[in-house]
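Can you read through this structure? Questions will come right after.
Chain lettering (A, B, C, D and E) follows the sequence in which the chains are written, and residue indices restart at 1 in each chain.
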Amino acid sequence: MKTVLDVRNLTTRFAGPSGALVAVNDVSFSLGEREILGLVGESGSGKSVTLRSLIRLLPSMAGQSGEVIWQGRDILNMSPKDLKAVRGGQISMIFQEPTTALNPVLPIGLQIDENLRAHTKLTHRERLIRARELMDLVGIPEAARRLSEYPHQFSGGMKQRAMIAIALASNPRLLLADEPTTALDVTIQDQILKLILDLRDELAMSVIFVTHDLGVVAATCDRMAVMYAGRIVETGTVADVFAQPMHAYTRGLLGSVPRVGTERSPLMSIEGTPPSLSAIPQGCAFHPRCDFATEICRATQPDTKMLAAEHQVACHNSLAVVKTGSPVR
Amino acid sequence: MPLASFILRRLLQLIPTLIFILIVVFVLVRLLPGDPTSAILGDRALDADVERINRQLGLDRSLVVQFGVFVQSVFTGDLGRSISLKVPVTELIAQRLPITMLLTGMAALIALVLAVPLAFWAALYRGRAADTAIRGAFQVGLSMPVFYIGLILLTVFGAKLGWFPVGGYGDGFIDHLHHLFLPALTLALSLSAIIMRNLRSAIIGVVDAEYVQFARAKGISARLILLRHVLRNALISTVALFGLSIGTLLGGAVITETVFAVPGAGRLMVDSIYGRDYPVVQGLTIALAVLVSVTFLLTDLFQAWLDPRVAR
Amino acid sequence: ERGGVMTYGRYTDSLFLDPVLNDANVDIWILTNIYDTLIAPSKDGLSLEPSLATEWKLNDAGDEVTLKLREGVKFSDGTPMTADDVVWSLTRAANPDNGIWNSLDASIDKVTAPDAGTIVIKLKYPDPTILSALSVFNTAIMPKAAFEAMPGATDKEKAEAFAQKPIGTGAFMLDSWERGASMKLVKNPNYWAMGEDGKPLPYLDGVTFEIIPDDATRILKLQSGDIQGAEFIPFARVAELKADDKLNMELFPSTKVNDIIVNVRPMIGDRENPLSDEKVRQAMNYAVNKDAIVQVVTYGVGTPLTSFMATTTPMHSGTAPLFAYDLDKAKALMAESKYPNGFTTSILTLAGNQDELATATALQQMWAAIGITLEIKQVDNASRTDQYRAGTFDMRAGAWTNDISDASQITSYFAYSPTIDALHSGWKSAEVDGLFVDSQKEMDPAKRAEQFARIQDIFNATGPTIPLYETPYPVALAKSVNGFYQIPLGNNVFREAWMAK
Amino acid sequence: MNDIVISASGLRKSFPLSRGLIERISRQPALAVHALNDVSFALYRGETLGIVGESGCGKSTLARCLVRLHELDHGEIHFEGRDIAALAGSARRAFNRRVQMIFQDPYSSLNPRMTVRAILTEALSVHAMRAAAEIPARIAELLDLVRLPQDAADRYPHAFSGGQRQRIGIARALAVEPEVLVADELVSALDLSVQAQVVNLLLDLQQRLDLTVVFVAHDLRLVRHISHRVAVMYLGKIVEIGPSESLFTASQHPYTRALLAAAPELDPSKRSRKIAAKGELPSPIHPPTGCLFNTRCPYAFERCFTERPQLSDRSANHQAACHLTHFDEKDSVK
Amino acid sequence: MSVAVSRRAAIPRPLIFGGVILAASLILAIFPALFAPYDPNAFDYAALLQAPSGTHLMGTDNFGRDVLSRVIHAYTIDMQIAIFATVFPFLIGTVIGALVGYIGGFAETLFGRVVDAVITFPFLVLVIAIVSILGPGLMNMYIAVGVVGWVFYARIIAAEVKVQKRLDYADAGRAMGYTHLRIIFRHLLPNAITPAVVYWMTDMALAILLGSSLGYLGLGAQPPAAEWGVQIADGKNFMATAWWISVFPGLAIVLTGLGFSLTGDGLAEVLRTKK
């Protein structure tokens, strides 16, 4: 499979009033053509910042280092002009909350048109036609009328579809989807996930799919990366990771999900709460919550190791984790 | 049609408001110590003169009868005659109110021209020196008594530099504008400070909004983002405040009008209160109330245009 | 060449340009430029000059005046002035139902015109003031026909219509009037008088009044050359403007007196009034350092009063300032009074009037020295008049200017109790009342002067005022303005003013 | 387990939309959101009743009605046999004490200006649960109960993570020693790992304190895990209710089936590209006539558009509101 | 398990600066005599209109009064104006606003009409009329301002209470069986009051300005009391010859205004991050 995106040692810091904070810490991964990569992790683990860092969509006080190689060019070093062409053009993004991500005071049509204007050479008429096509593509009926309506006149699922339509306007090669279904109902989530899968097939896009729902990963992604406290702690194909998590955290996550047959028994929870990024524990960030933690975990941060084909993990005690077996029976 | 119904509803709401104002102003002016006659005749008036003139003005009638006459005249559009100036009140209002409207309008415009770009600047560079300087400067403008700013502007730009006339109203529209610039600027300073503050924090609230991020993710130009996505949303909350402030200005430009010798409605109002010119105070209050309500209505409409969510 | 249009800054606008029905100085002082009277006050206010009447005669009994009308006088609309107009105008002025000035003409019984050039005024009783009264604005001559052609049923309604576009024989006529902003007068081409240079008056092509309420702005406007004259210059700035070599800072003599009016009733409402004690009043008078007040309030422009009326008033008597400052005497008087430990009282001043405020503030300090606590209450004019007329005030700042070139007007208001209770103070002297009644019939000027001297002695010693100072009219003019003056009665006279063209 | 604590019958609740003067003058019909459309069920002592459904289907409204945060338009709720709408004064306070609610949003459900101690003290003293002197000891006990450190008492809510805040909310509810807990989306806002902690806590407390729980959630797996019985709601109506096991394995309503199918499988090998349910929830302002699900139901036939099906027995304790009793993929109309 | 550590937010700089200015102002207002070198009302005919010098740091006015002493003594009155002209509107407006916001419905409609009437009524007419009716002086000015001022607070509070009452903690209170009054004043109000407090700060600065405007019209503080607005109005005639009479009180107004609005900004920041 051809690699389209190569992220190496991506680090993002925020300078805040209470000191600097590393939101994304030395993250590396790559993405193949037509591949869907799931980025999972709990709230605040840095998923969104990672995604936004890829296209430098960060506030001015943020500092970035590392490389994001897109079609042979490092996005982090691009001129603003080139970046503008990449953003929204070759790489599009959809956001978690359709309600807040669509500008409430502009009609949907205009919000689509903006993207078409910025990235295509179509005439006004052609853009109008294209906008209707896009609405059809994402499954919004009565496109012509809907285009002149405002976001508040759309239901949540419709808004998410509209946002996808905006993102697809420029025929992107890569779609960054930041929890595109979290705010939606299961039946609608189901529709949207399937829409994204269909579009991936039709348009031959690659997708990075941020979510904290393991079910969504299992149902849609090819590969997955698990983030904890700003780092990627485990990467692998979805099948591999679900079959045998090698990081204690991944294992805990999988165990936290209720399963059939264990009704009303205690879940295998991870004690404690994820650390605040401004107070990351020394050594392995997960060690205070980890059942497998040993001396070394408290002292040094584990490197990322390739333990099986395409299966990488950053854990000192991954062997012990593997030995206890999968939480999934 | 929602717009028409919106306007109609607002106009209907105006009725109780106006009735309330009608009663309050009628009672209020009559509670003022002294009466029009002795206010006009002054110290030399003899009792017989006062009585005779009161009788001529109908001020010896009972309050209920006077109120009846007043209400009736309001509904027939005739606001009576000025007691001291002896001309119809409607004529006076037609003469003086447009001047205040022009003054206020100019002040509003100047305030916007000052406040909007600087609010952007301050918001986008918040916490930096530019932000501090801009906010500091506006604060000084906000804290200075109007008559003081007025005199300083007059002295510097009027008398010393000669760029603007020293007070007055002038003849002809262009001349009016020229004459009203300094007083409008004076009024605008405090208004723009309020607008700037509000808009700045609105912009700060908006620049990091998800939809602005999303717009940036689309790769459209920074100018478009600021004007279409940021400004429009930031203005929504500011517009209401702006309308409110203009409303206040309309009735509160007295001191500026005095300092700059602008023959506006504010001065007429104060002179009439001092002169116990009941018909003028009453008529002008009603006119101002209607005008202020129309201003509010316009700002509401503008707000509804900016923000499709409010138009139901 | 003489001419030009002069712009004059006024502090407030006129209200009503009818000579008979108007009620305020803002009208009076301007009216005389539009309307002429039969007789005119002289420039110094002390004597009379021919105007529309070229000569006049009061008969020996003092109850009939015969006047010869000037020939060829035309109204500003070109119609000739007739004896009929004169008879009508005077009759209207004297009608007790008209306005508030008719009392000046109360003695008039009947006005007739035996021939086209003669007017005979028959009086009800001998009136020593009648000639002066004929120089007062309310007896100005108006065109009867034009007035009566006005819409309206009553005299009042006609007057209101007429005053929108008044027609008189004055040097100027109203061109346009934007209320509260400006009033434009233009030269009356039909004006009858000739100037000292033999050319027809007025010299000016027009006079424009601009209303500039704020003192500082009015001065700024003068300094910047936008206007050529400004009235009511604050005394604080007289010295500064005198030093300005682009301006003439004029101080026209006036009949203006400034004093404090004291309520002398024993009780005010249900509270005892310390000011009714004559000793207290004397103490207060002695405790006031008039020179200091003249200094801090008028910046040396005023002079301490030597009588309750100004030195420019005919029959004024008195040579030395009243109640020369003597704190010891004041303290002694206080000790003798019913209030040896002092008391608290109040003074009403006009809100926004810096002079009154400054005076009151100074008095507050000065009276504190004799144990009197003075509260200053700034109120608007109507409130003050209300308390004044009701007699519920303690003290108020007062100022007076004569409208007529005679001592009788001021005396009737100040001292003669039947008019307004001696400045609404409740003060009453039977002797003064008697003297005043006599003086109003006394045709012998010397005897009359004696009567007024006696009135002044009594009033000055025991009257209900704290006399302060008299002041001129401070008017600043551009150097280019010549020939403008204000007479002691306040009339602004533009007819001889000119600017180099 | 057969002791009914709360029984609800025929509950209806709608929220009128505000109408302008013009609309009123022109006599346009009053519009309303029909949040509950004839809901009936019984809650047994000691059980956990799960309530699931999509957003806006009326779950929270139902929960709020149970604690009388809303007054019903129609229908009755009986608590221990007494109509709660008729309760007043001390009886009402007692009801409010014995039936407690815990809220979804860990951020807005605690007063940010009150410390944990103030929050708990208020609950304890208003209901006079303890004498003033015993309150501190009780607070310590409660913190222990929900496994919060003792030093938490004097902190403000903003000092806590979401999971901890939910514990505070639980502590507040437990402070007044209730018998019924209505938990509205208790863990929906929490992280996966923390969710498990709170679920475990709830299970444990229920056991120890013998609580009856109404557990409202949209996460099917969670509801299945926690509940003895489950009710599925659609557009303000319970469309299926029954024991957890049979409801999830042998669901009797097409909507329940769609819901189950739409929830992604945790097993990557069981992927499907088939869409579980087409379309969206109809507007609760104009709910469909006939069966509420008819706009999305693959099995809908004429009767479904004219007659609204009522809950009817399918097996022991298991009821569903559908005109069909068994259906198959091939019965699907489309 | 440990409680997440709350970051102790640094006190925002505006609050520090504003607080220092206001603290200093309050000290001057309470103990003016300690700082004023002269009796603020004592005339000195020998020293009229003296320029600033060693003996009179800010010069003297037209009565020979020491400008510095008057500026200092004016703190007493102006701070009093700032506080009393606003505290009653604040309190009344807060209570009414809280009730209206909580009750909603008809109360809100009625309140809306009252607000309309008050804000469309020309403010100055009301103030001048009330002061003319009751007589001049600060007390009556407070009344006049209060008649109108409460509306703005009530509006702000009502809007905020409306937002707050929809939050779960308000429902939690109700579900706990708490009384409405307890919920309104113990729970909602503390959370709703922030914008009103911030507005209060601005309002105090505006009150001083209004006081000075009324002083200009002669309706505010009565002499001999030193008040900045009155001082400036007094000094107006001397702008060209004795600028110090008006400039120093002017600076005092600006500085105090700055103090209030910095404090307002700072408070807004603190109270916002507190949530």
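Following the convention adopted for this analysis, contacts are C-beta pairs under 8 Å (C-beta built on N, C-alpha and C of every residue); 3 or more make two chains touch, one makes a residue touch a chain.
Because the structure is a prediction, the values reported are computed rather than measured.
Path length between chain A and chain C in the touching-chain graph (shortest route): 2. The chain pair B-E and the chain pair C-E differ in C-beta contact count, and the higher one is B-E. Spacing of chain C relative to chain E, judged by their CA centroids, is 45 angstrom. Averaging Cα coordinates per chain places chain B and chain C 39 Å apart. Chain geometry summary: the mean Cα position of chain D and that of chain E are 49 Å apart. Inter-chain spacing, taken between the CA centroids of chain A and chain D, is 31 Å. Annotation for chain D: residues touching 2 or more other chains are 161, 164. Shown for chain A are the residues that touch two or more other chains, namely 271, 273. Within chain C, contacts with two or more other chains are made by residues 216, 380, 382-383.
In the complex of the two chains, the chain B residues touching chain E come out as 13-14, 16-17, 20-21, 24-25, 28-29, 31-33, 136, 139-140, 142-148, 151, 155, 244, 247-248, 250-252, 254-255, 266, 269-270, 273, 281, 285, 288-289, 292-293, 296. Chain D meets chain A in the complex at residues 54-55, 161, 163-164, 191-197, 199-200, 203-204, 218, 220-222, 224-226, 244-245, 248, 258-259, 261-269, 271, 273, 275-278, 280-281. Within the complex formed with chain B, the residues of chain A that make contact are 52, 55, 57, 59, 83-89, 92-93, 95, 97, 100-107, 114-115, 117-119, 150, 152, 163, 166.
The touching residues of chain B, counted against chain A in their complex, run 208-221, 224, 228-229, 232-233, 236, 306-309.
By the touch criterion stated above, chain E contacts chain B in their complex at residues 112-113, 116-117, 119-126, 128-130, 132-133, 205, 209, 212-213, 216-217, 229, 232-233, 236, 239, 246, 250, 253-254, 256-258, 261.
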